[in-house]
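Letters A, B, C, D and E mark the chains in the order given here, with residues in each chain numbered from 1 onward.
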Amino acid sequence: MNPIAFWTKSLLGVFCVCVGLAAAPFLAEASADREKLLTEPGVYGTFALFSLGDTWTKQDQATRISQLTLLKGVVEQHREKIAIDLYLLRGLSDQADLMFRVHAAELRDTQQFLVDLQNSPFGKYLKGAGLMHGLTKKANYVPGFPDQLKADLKVVSEPGSKPYAVVIPVTKSADWWALDQDKRAAMMQEHTEATLPYLKTVKRKLYHSSGLDDLDFITYFETSKLEDFHGLILSLEKVKEFQYTRQFGHPTLIGTIKSLDEMIEALAQ
Amino acid sequence: MNPIAFWTKSLLGVFCVCVGLAAAPFLAEASADREKLLTEPGVYGTFALFSLGDTWTKQDQATRISQLTLLKGVVEQHREKIAIDLYLLRGLSDQADLMFRVHAAELRDTQQFLVDLQNSPFGKYLKGAGLMHGLTKKANYVPGFPDQLKADLKVVSEPGSKPYAVVIPVTKSADWWALDQDKRAAMMQEHTEATLPYLKTVKRKLYHSSGLDDLDFITYFETSKLEDFHGLILSLEKVKEFQYTRQFGHPTLIGTIKSLDEMIEALAQ
Amino acid sequence: MNPIAFWTKSLLGVFCVCVGLAAAPFLAEASADREKLLTEPGVYGTFALFSLGDTWTKQDQATRISQLTLLKGVVEQHREKIAIDLYLLRGLSDQADLMFRVHAAELRDTQQFLVDLQNSPFGKYLKGAGLMHGLTKKANYVPGFPDQLKADLKVVSEPGSKPYAVVIPVTKSADWWALDQDKRAAMMQEHTEATLPYLKTVKRKLYHSSGLDDLDFITYFETSKLEDFHGLILSLEKVKEFQYTRQFGHPTLIGTIKSLDEMIEALAQ
Amino acid sequence: MNPIAFWTKSLLGVFCVCVGLAAAPFLAEASADREKLLTEPGVYGTFALFSLGDTWTKQDQATRISQLTLLKGVVEQHREKIAIDLYLLRGLSDQADLMFRVHAAELRDTQQFLVDLQNSPFGKYLKGAGLMHGLTKKANYVPGFPDQLKADLKVVSEPGSKPYAVVIPVTKSADWWALDQDKRAAMMQEHTEATLPYLKTVKRKLYHSSGLDDLDFITYFETSKLEDFHGLILSLEKVKEFQYTRQFGHPTLIGTIKSLDEMIEALAQ
Amino acid sequence: MNPIAFWTKSLLGVFCVCVGLAAAPFLAEASADREKLLTEPGVYGTFALFSLGDTWTKQDQATRISQLTLLKGVVEQHREKIAIDLYLLRGLSDQADLMFRVHAAELRDTQQFLVDLQNSPFGKYLKGAGLMHGLTKKANYVPGFPDQLKADLKVVSEPGSKPYAVVIPVTKSADWWALDQDKRAAMMQEHTEATLPYLKTVKRKLYHSSGLDDLDFITYFETSKLEDFHGLILSLEKVKEFQYTRQFGHPTLIGTIKSLDEMIEALAQ
């Protein structure tokens, strides 16, 4: 670690303590809501992508740190209503440098957060690079699956951190939607069976987008083993349902999951 | 609310009162025309999208407020001839930050407003991000629908504000236009029946675009329940007519409806 | 009219008189050629699209007016060899702010004008936003049409100005070109019959582009009734020949026709 | 000609004389190689497109002329190994302002020239707008053509300058490559017969690109009669082989051929 | 060589010696890992494309050299964990000026290098122009090939440097993945047989991308004979498997392989 990086770390450490003292109470309060937002149906998930403008790194480090402190304030201020996750895409995806995943009961609350973010001193360096919205819903096809498959799906994910996140937007063809529910259910069962070998090492979450964006679904993955994730996708490309997929990725977004403090440290350098 | 936001609000309050006094007479006069423009056939509807340039937020707040006051003047000046609605897209759509929906008897009047807007001090910060035009027409297929369906369509929308607006441009395939009127009518009846469960919570308006833009239709929606709107779109994807749709969205525009004063307040921050 | 606009108008008036005195002789001379260029076959038509850079409106008005005076000089200087028409697209098309339509016996003359335009002080604010070329040719299918249809096509356009112009580029599929001449002629007859109800209110002109650009045709329309124009396009989408159309629009360009003086006035504001 | 243009011309005249004196010897030497590079198989042809940045014309003319003098030096320096042709696209193509066509025995030599060009003072104003590479090869299908067709192909091009150049990149479908050689040869014979009426007025040259770029072929044309060239392309769209063409143009590049001195004069204005 | 280039060379020579002294030990250590990363399965390969911003060449040469020295530091610092190769694309590809190929056991290590690169003084002039990831895997189809073909594939590459590198991203159609393994294996055998004549002069390496990017494969080639490489691609376009290829290139990236010192010298000029 070079001296400048070390100095940043110390400075951020001090600053984190200060903010931490004040923020602690409502952070605890917020986490109950966060749990609900991240697990229940009927919640809107937004993926907001940003590029960092050229001028960001041209500022001196002290200015950047003071602006990131204000970013922290904006995030904390909205954490009561919405759940915010951060991802560093720079170096892994060319579409954007940062991604915010926001869960909210109302899209208006997400909009308010993103408007406040862009109005903040740090936000002035962010350039919007994409926005996708989806809705969490109760499982559509699972209730009709055989009992054995339902049981297999209850496998517990391997413990330990999953540093990588991948987002793949999906659109189905008009032919898919024209199929009756039975035919779609049969194909989704084959699709689901193909995922079984990867349940332990790849976590998945599904968002329904029709009408909220130019997508039908946003699929979100977390893993510590990208080779397993690659195997999962390869298996999914081979099932019949894939032939009804019109858009898969474009963009595929790949990044690493960061806490707010880790992200601030990464951006301060 | 932080002190700066509070100060803005007060300042805007004062300013609104002043302008309000002068503007009141012809605003009242204009509203009769506005009602006609928003309900009658033979009216041109334009959706004008703008991004706010980077330099906007770099100005101090007093300058921004004085420029927004002049924006208000431009809007008021044109309200005699055209009906103007505003939408905040920032934070919900990545194509643009603001959307103006303009209804006019002649597209020239809309052009004059948009040219004046871009020539105004505030307009210099706007970057055009899209323009779509359509024409309101008498219902094409409804007169041939069964009486029961006609009656069902007369359901009254639920009272209360509908904060969200969604715009979805649509193009049909050449195969659609080659079908005879009867076949198209039968499919449009199935399409219309699919919308019945959503009539109360999702308001719709249709614009015909062929030749006025690279679209066949602009579909416009207002709702307070985006989950219902998602359900509506999902239903429409499943009817046969959807297979003749070549473009649906791209872009799907989603935003919140704002009065001029609400928009000015949002932009002043 | 606000005082500044009034002052501009006066200033331009004075300036127009001065230039007008000098320019009058060869303008009269030029108009004979202009008539030929606009009506004869074997003439190259170029549609040149430009956006106005951000910095244009940031200059003070006197500077803008002096630069527009020089623009006038560039246009006059080339009017001997080429016919130049101007269109204001801003507020109606998002691809560009201005369009020049240039007719010339040789594309080199058009190139020289456009190079001189971009080298002029005003030209430095223009950003190229598209270039399309086509060639006027004798009617290909009309000579084989039934006499009644030929007679119907001779309908005189309604008198009065036609303020709106629309440009729609067209590419046919490889299947179209592979059809023998008879089959294409039969479909073009159906196409032409569909246009009859609109001959009086919509003027049309056709340019052949194959090899000169990535298009097969540029179709150009003038009308005072955009609703009629919309009806015309809708009719053309329903004939069989439309199924052999691979590109229709993309972009559709819509604007208002301006004399050079009207355009200068619009740009000076 | 206005006084400034006249002054430029004089200045360039003087400057050309000076450079000409020094450059004459190796220019003569180079022309032998140039002839070989332009006629033999196994030579790499590169089409390099550039736009002129906004700042170029904002410099005063003396600075521009001194930078163009250095451009001349860069071109002369590489003329021993490679053959360089220049084209002015501005005013005729919207993709770029300038095009360099470079023939070389090794692509590395072309790369070195283009890197040196971009590092030169003039090069700093150039923005890359496209690069296409192809290889000249012995005729693939001609040896199998009937003797009469082979004789017809030997028609001598009409004398006189051919000021226009057009570049059309071409990609064939996978179905084309899957055809056996006999079927492709038969279709190429029909293709070739369609070109006979245009041999005298339109010169053609073919480059093979598969693997060197996202193209299968680059087709290059020179003509003084663009109407004939349009006729040629129209004929080629009607033969069966055209149905196996996936990309034709996109971009179609059209420009005027310039000597280095003519180009320098055009850019100095 | 002009005097300035000569001076640069000397300066870089001196600087290389200095850095070389310190860097030697761990460079030797690193090379063992490098060999493993470049030959073993289960390694992630990243192709990172960058354009050089306009401002880079506007700095004086001494500043550029000092920044390139720091670039050298960033590269050396990461060479323990990852293998880095450099390519000059400028003058041969229009998508980017530079390409880094990075092999790593974990994509996080590649991300850390690229983030550090962009945070370095030189990195501030780099603009991301593309990122592709793939995974090396054991040969999928080769084990089932006939013994003769397996033996043919063991041909030793011709000695001598291979200055050119080409990267072609590939996506297969949904129909390809729906084929059973036997049918795919038969087609891949035909594909492999088509490559035999080119084994000596064209080196190949395959990366599997499904899920890691919007691609299925990244194919990488090195050669000293681009004409042979063109022949190879032409042969591959003619086998049946090519009909199942949805994306081939777009972009095709072509460049010359450079050592770090050669690249620094090229950028310092």
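Keep in mind that, in the parts below, a contact is a pair of C-beta atoms (placed from the backbone, for glycine too) under 8 Å apart; a residue touches a chain by one contact, two chains touch by 3 or more.
Values in this document were obtained by computation on a predicted structure and should not be read as measured data.
Taking only C-alpha atoms, you rotate chain B by 145 degrees to land it on chain D; that is to the nearest 5.
One finds 30 Å separating the Cα centroids of chain A and chain E. With centres set at the average Cα position, the gap from chain C to chain E is 49 Å.
Shared interface positions of chain B, i.e. residues touching 2 or more other chains, are not present. Circular chain order, beginning with chain C and continuing to chain D, reads C, D, E, A, B (contacts as defined at the top).
Residues 42, 44, 48-49, 53, 107-108, 110-115, 118-119, 124, 128-131, 133, 135, 174-175, 177-178, 208, 210-214, 216 of chain D touch chain E in their complex. The touching residues of chain B, counted against chain A in their complex, run 54, 57-58, 88, 90-94, 163-164, 166, 168, 226-227, 229-230, 232-234, 237-238, 240, 242-243, 245, 249-252, 254, 256, 266, 269.
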